[in-house]
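First the structure, then my questions, so here it is.
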Amino acid sequence: MKMVTAIIKPFKMDDVREALAEVGITGLTLSEVKGFGRQRGHTELYRGAEYTVDFLPKIRLDIAIDDAQVDTVLDAIMKAAQTGKIGDGKIFIQPIEQVIRIRTGESGSDAL
Amino acid sequence: MKMVTAIIKPFKMDDVREALAEVGITGLTLSEVKGFGRQRGHTELYRGAEYTVDFLPKIRLDIAIDDAQVDTVLDAIMKAAQTGKIGDGKIFIQPIEQVIRIRTGESGSDAL
Amino acid sequence: MKMVTAIIKPFKMDDVREALAEVGITGLTLSEVKGFGRQRGHTELYRGAEYTVDFLPKIRLDIAIDDAQVDTVLDAIMKAAQTGKIGDGKIFIQPIEQVIRIRTGESGSDAL
Amino acid sequence: MKTALLFLTLLAAGLGLGSPGFAQEAATLATVSEAVAVADSADQAAPTVDKGDVAWMLVSTILVLLMALPGLALFYGGMLRAKNALSVMTQVFAISSLIGVLWVVYGYSLAFTAGNPVIGSFDKLFLSGVTVDSLAATFTDGVALPELLFMLFQLTFAGLTAALIVGGLAERVKFSALLVFSALWFTLAYLPMVHMVWVEGGLMFDKGELDFAGGTVVHINAGVAALVGALVIGRRLGFGREHLAPHNLTLTLIGGALLWFGWFGFNAGSSLEANGIAVLAAVNTMLASMAGALAWMAMEWIVRGKPSLLGVVTGAIGGLVAITPAAGLAGPMGALVLGALGSLAALWAITALKARFGYDETLDVFGVHGVAGIVGAIGTGIVVSPALGGVGLDGYSMGAQVLTQMTGVGLVIVWSGLVSFVLFKLIDLVMGLRVSEEQEREGLDTSTHGEQAYKL
Amino acid sequence: MKTALLFLTLLAAGLGLGSPGFAQEAATLATVSEAVAVADSADQAAPTVDKGDVAWMLVSTILVLLMALPGLALFYGGMLRAKNALSVMTQVFAISSLIGVLWVVYGYSLAFTAGNPVIGSFDKLFLSGVTVDSLAATFTDGVALPELLFMLFQLTFAGLTAALIVGGLAERVKFSALLVFSALWFTLAYLPMVHMVWVEGGLMFDKGELDFAGGTVVHINAGVAALVGALVIGRRLGFGREHLAPHNLTLTLIGGALLWFGWFGFNAGSSLEANGIAVLAAVNTMLASMAGALAWMAMEWIVRGKPSLLGVVTGAIGGLVAITPAAGLAGPMGALVLGALGSLAALWAITALKARFGYDETLDVFGVHGVAGIVGAIGTGIVVSPALGGVGLDGYSMGAQVLTQMTGVGLVIVWSGLVSFVLFKLIDLVMGLRVSEEQEREGLDTSTHGEQAYKL
Amino acid sequence: MKTALLFLTLLAAGLGLGSPGFAQEAATLATVSEAVAVADSADQAAPTVDKGDVAWMLVSTILVLLMALPGLALFYGGMLRAKNALSVMTQVFAISSLIGVLWVVYGYSLAFTAGNPVIGSFDKLFLSGVTVDSLAATFTDGVALPELLFMLFQLTFAGLTAALIVGGLAERVKFSALLVFSALWFTLAYLPMVHMVWVEGGLMFDKGELDFAGGTVVHINAGVAALVGALVIGRRLGFGREHLAPHNLTLTLIGGALLWFGWFGFNAGSSLEANGIAVLAAVNTMLASMAGALAWMAMEWIVRGKPSLLGVVTGAIGGLVAITPAAGLAGPMGALVLGALGSLAALWAITALKARFGYDETLDVFGVHGVAGIVGAIGTGIVVSPALGGVGLDGYSMGAQVLTQMTGVGLVIVWSGLVSFVLFKLIDLVMGLRVSEEQEREGLDTSTHGEQAYKL
């Protein structure tokens, strides 16, 4: 099993979720994070002075999936999250050794 | 070493922390996340109109442990976090290649 | 590729970011988390009564890097984040199987 | 755009504007309306100023200021997404300030000096001739207010009215365009409406329209402008797809409660004296908002199964809007009924009407201020009836008065609708009315104002 | 439940209710109490209405409204967990509105018309006979207020009192049950208490109890009801295990400060005139709250090592509660002492007493309003003494007056305790008083009201 | 430290304190200044108390309290980082309360009884002799106020002034040290300044300085103390490196708007009557703040490309500060100009001046209250001119009056500067002025007060 972690632009969240649902993924965990990267931040004023804020609000999605699903999932995220502008984000794939559903104790693919 | 990541119901947080303490785990990192899954969200009103909110507040616990501790830790979390109702959450286990304690530079099991 | 996850004290964030920039790391993702560990929390008052709050605000940095960069990155974080006092935090290193840049579809080291 | 015009025409038609004949038959004597003939100290027995009146009117004045800031700013800001919270607060602050300055420059003069039936003169430009000793008449013979105080009280009305409009275009309007619109709309829609309705010799004043504290002049006027603005500017990105949920309802509660609190200055202050009519207006203000809150709560509970805080607050505001034109004219029981009806009408407009036409009027200024305002303006013709506990009028006839009220409503809808439409279109052409898609996504707070509301 | 009854009985006994003999010997002349004999324009030299009084009482009225909304709503809401913040705000809004409507329907009549020593009559149902010209007497011969204004001022007291109670049951009470309770408690506990204490011919009024602005009628009355409610409904899930910490103390600060601000209307407005007694009440209100804030701060600093904001604010409220019954009766130095004592008594109740009995009275309504209210009500009998700078009374004797005060305190504890207990039990049986465990966990905001306070 | 002294000396020198010769030639008759000779009921035709005045002054009094709580507390708290939000709120609350108590103990007596040109006497310690019947003169012959009311109005000024200072040391000052400083500074800097400027026989009063509502006494006084405090305590950790950004600008908006609202009590209340001068002061207060808001907005828009909410709010406050000494003296157009200039001067001070000297005066108390205060105090000498629409003075000469004003400004800068410097240094030696590095990092809310503002 794999953990697919996608860092995306916040306003793409609904699109990505729908795209994932279309390929059969209904479970995921979302967190609000801040990203630094090539994308420029914005400037803020404070009583006439100017400051640069480098970090940008991003959404992080963690999606545990079966190995077989990796390609469809990547594809779905790519398509839904892409704007073509800098800062669209990244997808990381990491191995998972075990998944357990707390409610039932099921493990492995059954737990997804 | 393993990284055990548990997504649990917020009100179970204290129980889980105590259960972990009982099996000797005192270090962990917590984040507030939102979960999508089988558990239904709630409806919200906005001036007479109704909206569905799908995501639910969850707590994510990241716990780095020695390989030998995996079973006890899983067990502790399972017992403390289970309500038997949908949405109890998941546990993911992932490999860690190295752990370092910033304060001392210790690494491996010593750093936990 | 590796995912380096560092849990650090919030006020060290700027230092760490600068140190990383100096070794050529410009991309990372930050989240606000709460840490439990050896470091003692603080006490809070509520109308004359006293409560202990165990969790402490921490910053979590997730940095995807090439294998070759691991040592320099660890070094940079260690130096910038260390105060020598309890609670300085941890660094975890985990394997990444794949990284993709959403904007371009590039993968692997090119996507970092 | 067609929809907008059609919609306004329908409303106007349905309200009897088409039949001025009836309206002209209506009672023309408005003994308790908000006309103010500034006292000419020579031509009448020296009117006296009572310090109790001065105290009350000073308080009323700052209460109306409080309605705008922080009242309206919070009420609106809390309902937006966090990334736009500050933008609307800045808009309310800047517009109130701008209009306040324009008011002393030419607004007061154009509104409250004698002129033609539509607008006053430039006689008091820069407050010329208005000194510490100038007096303004009240509705009671021989009782006067310092004219500066009357001027200041009315200044706060002008600022609030213009600020109300921003709710309709929130989360996507360009700040500079909004400021330009506000200044022009104030000049071309607000000032004439004040003159026509509240000043002796004004078109609707002479027809006998009753508008105690600003149902047509303030609420319908602003509500229609907001609707037209929303139609011209178009829907927000994500409207209809995402739940564009309020980011901080505690702010909306504070703002709503301060609006209510300040409304006592607005309504009871419109009596211009600390007298029995002010007391009556206060009683009606209290009861109408309570009835409005309960009515919305009950309806939402029945229909949706849950009574929401935002509903209770919005209902209270709906009740307040509805009682505004009738505040010193209705009896307490009339106020209860009018408040409840205003609230329910707003609820209907916000749910059924908005869904039907599919417009995105961000904060329902038209739904709340426009529609409850219409209910109130017309209802005033009814609840003023002594038979229903109202204060009555010389030569009162319910049918005639209701028609006069409808004429007044029709007039403000058409006037404000046309002026707003032309202004918004023009501004859109000349400087653009809406921010770029990217700025809208980023949020106006950082993109326009260089700030973020929260760093928690 | 046994605990609850035992507790109330002890309190009542300790306060001398068991010894009416003493109480009857107490001074029966309350020259400066809040009785209002509505003026009968025929049978006395026409009283005059001063516009300064009208101005002040209009302001006082809306200040008391502000205490409830947004004052109390924020003060309470900020101390709850985020998931219940809106619920208590909705409760305060809905209850104030409901009671306001009931007040004009029958409340004012039952409270303030002549009747028996316990309750008035139905003579003024739906405000019948109360017109724009009706007058209400003040405490000064020949000075009257518009009766509608007196009615409205008192309306805000009724709403605030009922709203105070919700703090005791917060985070778990069923909204519908609370509304039903509020209406019934208002009828069976609040109205009689007003009549008994503030109206000539009322039981305690005739005994000479002093309650300038509502120490027994408002604060102890509500505090006892909240305690009984907390005992009947039981503790919150997690109480004693988790730190059920305030979610937003900035709201509590705003609410607390607005309560203080509004309290000047409550206390100084209770003079019914803009006169020297109102000024004295304002001075005392200022000093008692400041002394209360400092006393709590000092004590918490000594005992816990840290002075908290919530402590300072709560201490100020404790001081305000304590001075309420004595506001126009004490001298400034008496106010300082009474404010400090009230605050410390509240601190003791919230820490020692609550811990001792283990009840979960969410927001310490009993601790703050009940206990500091008792200190104030009894202390009023002392600080009124001219020897201590108070305004004095005809035939004043400290011992006798203190006993009268204790009788009054005992009466309200028993009356409110019994009525509340029966009502809560009944409602629990009939419709359930508490939400389900799942709803409580989810939080009342989404489960009952379909809303969330924040989306940041 | 050297910088601090140098800076003050320069300022004082530049303001003409060095040339008392000129100043003494200035007009010495201040007919409309805030001196109060407490009426001696025997030696003049019994003055009368008007209930309208009492109503207005009660309102004004609580408006000034509202400026501090929650006004200033929120305005300040919102601009700090979340971890220090409660600390400054606690400070404002505690200091207001402490000063209020000290005011009735000895402050009122030292400030407002006759004595020498610098300070009054101990005649009214513990308000001795100040009863419900005592009267205080107003600026109108034969019109008096209850002395308790005058005393209470002034109490709120004292508390607010001391509380303003905390903004300069926020995020690092030790709570206990701040309380000690406040009490001493109140005694050694505030009380003498009140006596010198507002009381007949006072040094600057007799020289004819005009300070209608507290430009020198309140704003420059507090502003200078804040600057000195900031210099003595040193910069915050991270200053100049991190963006120490405001954590919640919605709080700052609420606080700023309530400051504005309350300022009407501050300025128009300083007329001590509900009369034409109060009305004029209200008009000027409104216009100066609006002009200030617009001026800052325009300048920031031009220079930085974006108009910020914090800018608009700060500009409004700057305008309010500048009009304060001239509130009842200038004409409306003078108020517009003075407000705009005050705002721009504050903007200059906060950006250019602060950057130039590199001090970390956390919330720019000196920039806003000090610098705009100086502009206002000196400008008062100009805008009072009848030629410019002001109310004029007997024997007015602009040059002379401006020099008198400059002398007054110089005096308060030197006096407050020296007293503050000595006190801060002394306190630093004796008990430490600043928290430990670790506590500063953790934030004052948990480390000093054991609380956190938010658990969202």
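Note that the chains take the letters A, B, C, D, E and F in the order they are written out, and that residue 1 is the start of every chain.
Note that contacts are C-beta pairs under 8 Å (C-beta built on N, C-alpha and C of every residue); 3 or more make two chains touch, one makes a residue touch a chain.
What you see is a predicted model, and the numbers here were worked out from it, not measured in a lab.
Among the remaining chains, those touching chain A and also chain F are C, D.
For the pairs D-F and C-F, the larger set of C-beta contacts lies at D-F. One of C-F, B-E or B-D repeats the interface of A-F: more than half of the contact pairs, counted by residue number, are shared by B-D.
Taking each chain's centre as the average of its CA atoms, chain C and chain E sit 52 Å apart.
Per-chain Cα centroids separate chain A from chain B by 18 Å.
Touching of two or more other chains is recorded for residues 31, 44-45, 50, 53, 94-95 of chain B.
Among the residues of chain F, those touching two or more other chains are numbered 50-53, 55-56, 59, 245-246, 248, 254, 304, 306, 308, 310, 449-452, 454, 456.
In this structure, the chains touch in the following pairs: A-B, A-C, A-D, A-F, B-C, B-D, B-E, C-E, C-F, D-E, D-F, E-F.
The part of chain E that touches chain F in the complex is made up of residues 50-53, 55-56, 59, 63, 81-82, 245-250, 253-254, 257-258, 260-261, 264, 268, 273-280, 282-283, 286-287, 289-291, 293-294, 297, 304, 306-310, 312-313, 316, 332-333, 336, 391, 454, 456.
Those residues of chain E lying in contact with chain D across their complex are 50-56, 58-59, 61-62, 65-66, 69-70, 73-74, 77, 85-86, 89-90, 93-94, 96-98, 100-101, 104, 126-127, 132-133, 146, 148-149, 151-152, 155, 175, 248, 251, 254, 448-456. Touching chain F in their complex are the following residues of chain C: 11, 14, 42-45, 50, 53. On chain C, the positions that touch chain E within their shared complex are 44-53. If you check the complex, the residues on chain A that touch chain C are 2, 6-8, 31-38, 55, 58, 60, 74, 77-78, 81-95.
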